[in-house]
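You will see two complexes here that share chain A, one where it goes with chain B and one where it goes with chain C.
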Partner chain A sequence: MTAEPTTPEHPAKPARRFALLSNRAGAVFLTPAGLLVALFVIIPFFWVIFVSFTNRTLLGRTALNPEFVGLANYFALFDPSNFFQRGQFGFSLILTTQFVLASALIGQALLGLLLAWLIQTVPPWIKRLTETFVIAAWILPEVVIGFAWFAFLDRDQGTLNAILGSVGLPKGDFLLQQPFWVIVVFNTWRGAAFSMMLFNSAFSSIPPSYFQAADVAGASSWQKFKDIALPLIRGHVVTDLILITMWTFNTFTPFLLTNGGPSYRTELLSIYNYRVAFRDFEFGKGAAVGVIIMLINLAFALIYLAIGRKKRV
Partner chain B sequence: MSNRLRALAFGLVGATAMAGPAFAVDLEITCRCVIGGVNSATAEWIQNSVIPAFEAANPDTKVTLNQFGGEDAQLTQQLALDFSTGAGPDVTAFDGFLIPSFVEGGLLKPLNEVAGPEVDDWSGWAALSEGSRALMIYEDQYYGIPLGTDVRMLYTRKDMLTEAGIDAETWQPTSWADILDAARAIKKVKPDSFPIQLNAGVAMGEATTMQGYWLALLGTGETVLDENGKWIVGSQGILDTLNLYKTIYVDEQLGDARAQLLADGRNRSFANFRDGVTALLFEGDYFYRSVTPEGSEFAVPDRDKVMGWVKIPAEEPGKGIRGQDFVTISGGTGFVLNPATDTPKEAWALLSFMNEPARLEAFQAIQPRITARTDVAIPNSPFLTESSQELLPITTARPNDPDYNAVSAEIQRMTESVVSGELSPEDAMAQYRDAVIRIVGEDNTVSLL
Partner chain C sequence: MKLTFPAFAGRIAFSALAALIGAIFALPLIWFIFAPFNARAELGVAIPDPWTLSNFMTVFQNNFAMQALWNSLIQSIGGVVLVGAAATLAAYALSRSSIPGKGAVTYILLLFSSVVSGSAAMVPIFLIVSAMGLIDSHLAVILTFAGGLLPTAMFILRDFIDSIPKSYEESAMVGGASPVQAFFDVALPVIRPGIVVVVVWAFVNIWGSFLIPFILLRSDKLMPASVAIYSFYSEAGTPTVTLLAAYSLIYSLPVIILYLFVSWKFGFRFFGGIKA
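This part shows the complex of A and B:
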């Protein structure tokens, strides 16, 4: 009875009790961050939407006197007569979808999952070595790896062709002949580390006794993976898929390898957006592309948040 | 004083010291030039001749040269973005054809508006030839001082022509067929060679338009504009030009199609000529004066024996622009003032100083060229004397139009879709038509078909 006041509504309202600051102090401390967010996120957001309704450019007559063109930029992007042509918005959109499917979902997630599963059983030093290499691919500066891959794939002086040549295989002109697969492999290599680390920690959280019991029952590795590990890490898989889909959708790094070429064959949406806005200087049209990319990202983010909320419940 | 206050005080002192000028005036000058790299002579001239002399004459001034090593299009991009935000160098090298689109975009201002009436009093204007002055004029206003002009020709490798049984000393093609025949003859004796280089593709930027498309199109008797100033978006001339590209790069592989698609394709085309892979190269006179001299990356061994040049023929004799048998086109570069410069008077002083005869003669000593000033002699360079005498009278210029830059980018795309084998000449032209209509509006275009 006497103990009651010390633990009043403990389970019901924990939030109030652990306030670090008074409401007012909290608001004051939040203000600078809030202002920065407003300045660099919210205002540009609405500015981009506004610009996307104009024919504003950086050079030429429409730079000083842009006109309000309504949805003309959007209609131009979705013009059915050239939607699928290389170098147009539709082509980039489809290319980006294929790129996400091939390099993010199949490449990074599957490879990461496989690596994470395989290093569960190997001796610790092999595990550490593998992790080091995979993570190195992830943390190296983009410009450095861009050049490294360029040197690796070059037709005349590239390392890959030197290796192929030395074992008697025909040399390839990868950057010109298979540019799409080059950036798919590149992005897989680059990003598998995140999935691997995420799945690695997920697998480590499964009590070893589950697998020991399965071993006793004579389960194969595939059965253990399919029936024990996978169901238990489902939440991690969903998180991983959404995050890497979003990242891959927005990635710009393949530009360092191919410049979006040859003939726009690797012009992902982010690169297309860059070209329209900052090489052709068509700010209005570029802004419209930016708005569409923002909407797609917003959709990803909402799905991610919804799943996150469901998991907590 | 608490530690925190003391740190703050030191920080402020430090920041003030950093911000305070070491000299009364700091000037920055940018060019696409690197000592020992691209346009090395220009960089050497500014660094070793212009700056020391200018600083000696203006002791309070410090001039810094930014050596920009990227592509032309990247410098354009940087300048456009810099100028639009009030940043950027005080004085910068500038390609004349960009002036209209920069001016219309509000990114360049007339020189006398930036620096005041002393611009109009400069003695140098009278010494500039009318043609070269036009390079930096838009709507009767000067935006910069031209440095020089150029002409385009067809460079030949005499050793390869001789090998194919052609008399290299007297060979002067009079039609496209003559060029193609020579290329086929070379391809026959050297199957691994790519005898012709006619620039194409997006990666080469304006070099594609200027050293490729124009040279063929003028030979069909057309330009990109008709006589009423409307953009031609469909014509036999465009088709003939695209078919020439197709013959060279797709049908007969007389040219190195890879080099048109790679990001560093222009350098590959130079390397091909140096290495005896390409025998017939369409380029400007600077290919001789600044790309191939001894000691540079693309130096042609034994150049004076191996390398020659001929006039670029029209598609057929008499079919070229203005009924000419031969065609060429000129551009020009100069230096402009950043309209947002903090020190316009000093920037103008530097700009006019470097264009005085004494400084330009110092440049000629490093690298002879066709100068803009009539009072600066072209030094004893038989190559430049001959080429300017033969080609300047028949030359053409790009349209002085703010939309030209954007249309030129579409020309680069059109040629790329043909040489990559992706589109037929007809489809590529249709795509070009749609793109140009988007840029200039349908009323400003015309189809001659």
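This part shows the complex of A and C:
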């Protein structure tokens, strides 16, 4: 991590004769936003670190008079004797890593890329229809989506089992049997729209003459994709991967589908954090989880901003 | 344009594949399209016979469900007004004043807003709201959302305002307008499309969000629709599917309408995501 604060360089602007807004008026204009952001973004960041060194609870004696316990919460999280056990921090951390790899990096990014490439050439009505459903999966409120999937996966009446049954495949109670793969497919389905739209706008920004030239030379679609499109959108790919990784890493939505269960098998870090803090009432330990999540977020955000700055220059 | 045979076959394969993926995406939503209009809807997909609006009547007669929609409206509009107003003022100041360290402010804001996510900050946010004595109030939800959404809102708007030439306000001020007049009478009308985008984005975010009200609210009469729907299907042993289906559709309508509005008015191409 870099120690010194870095500021984005401004491209040289012509010297201004006067600022439109005096510094005092500017400060007044900044005050409401400044207060709100300080209270709900900046202070939580530091407070969560502070709370993570205490044994604060939601109820009981230590709710009002929490004691300083040093790194005890962190030692508890990284206790080697139960680190990999279900319902423990280590299990959630590994589960979340697998979830991000499978549903964001492989699922959303690849599916989004494929969709964006496909809709470049298909007839407009297929493009519009496909886009509509992909975007609907992304735009509708998470609780509604949660319930729709609940119905979709229902063991006895769900659409999925009806389809499997009609082609002669065995029915399953997927929420119980394959909960991890359910939330992977769910998150891929839910989030592919973002990657699709990002790559779609990237592809549309490539001059058509590049592809026409390739057509004349008799290039196949795969060759055009691999040799022309992909190298030109490399920057977008990096942006996409970082953003969807951060979002998937922090998502709480699978909770609506599985509640973190059965028996902790879908307890992602965000859900683990919620359970420890608000079901077990251990705020100190929950805060320690929060700190770790934020440190991981920080690493991704710094990479993202570093790349963004390089692009702007 | 003349197509060779392999190119033609390729295009058909592409179309078939795109249609197939579209159909797979549609599958979990098909139920949601039919069930609200089916008086005997269950979790399975069935075409309503006959089509009916009776499920919607059930929703309208359910006080808890209607109260929850009303609560969603209060919290979303409260949050949106706060985000819109505070972000506009702040973004304007960041763009047009010469306050030292503006660039650093923008950078730090962006960094913090991506680091402090709802799921990582739930403990300190709960403690702050609790210290303010606001647990279980609309204000708690409104302020928390406003604080969380502001950095991104300011960033979008600052970009937007930076792209507008300063000469508008400069000529107004040469003509004798005060800076505040220049802001309200000259700049604000020009910035309006940017504000609309931010307001729509904030509304969609707050309206659909589950975790923050779930943590900060206790009493039934303050629950927004997101938490109400969840309690309908997670706590009731057998969910009242007909009610839930119709309610889900009503609850989704504002989001769908705003999406259509944005895509009609601005061309919904790419905003860095209308959702965070």
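To be clear about the criterion, the second predicted complex is superposed on the first by the 291 of 313 C-alpha atoms of A that agree within 3 Å, B and C clash if a C-alpha of one lies under 4 Å from a C-alpha of the other, contacts with A are read in each partner's own complex, and residues count from 1 in each chain.
By definition in this document, a contact is a pair of C-beta atoms (placed from the backbone, for glycine too) under 8 Å apart; a residue touches a chain by one contact, two chains touch by 3 or more.
Every value quoted in this text rests on a predicted model; they were computed, and no experiment measured them.
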item	value
Which of chain B and chain C A:176 touches, first, second, both or neither	first
Chain B versus chain C as contact partner of A:278, first or second or both or neither	both
First (chain B), second (chain C), both or neither touched by A:82	first
Chain touching more of chain A, residue-wise (chain B, chain C)	C
Which superposed partner A:112 touches (first chain B, second chain C, both, neither)	neither
Which of chain B and chain C A:189 touches, first, second, both or neither	second
Touching partner for A:57 - first (chain B), second (chain C), both, neither	first
First (chain B), second (chain C), both or neither touched by A:259	both
Doubly contacted residues of chain A, that is, touched by chain B and again by chain C	259, 278
Chain C - residues contacting chain A, complex	6, 10-11, 14-15, 17-19, 21-23, 25-32, 35, 42-45, 82, 85-87, 89-90, 92-94, 96-99, 101, 103-104, 106-128, 143-144, 146-148, 150-151, 154, 166, 169-170, 173, 179-180, 182-183, 204, 207-211, 215, 225-227, 229-230, 233-234, 241, 244, 248, 251-252, 255-256, 259, 269-270, 273-276
Chain A to chain B touching residues, read off their complex	57-61, 63-64, 76, 81-82, 85-87, 155, 173, 175-176, 259, 261-263, 278-281
Contact set on chain B toward chain A in their complex	73, 77, 80-81, 84, 98, 101-102, 104-107, 202-203, 258, 261-263, 402-403, 405-406, 409, 413, 416-417, 420, 422, 431, 434, 438
Residues of chain A defined as touching chain C within the complex	5-8, 10, 16, 19-23, 25-27, 29-30, 32-34, 36-37, 39-45, 47-48, 51, 111, 114-115, 118-119, 121-123, 126-127, 129-152, 154, 156-160, 162-163, 189, 192, 194, 197-198, 200-201, 220-221, 243, 246-247, 250-253, 256, 259, 269-270, 273-274, 277-278, 283, 286-287, 289-290, 293-294, 297-298, 300-302, 304-305
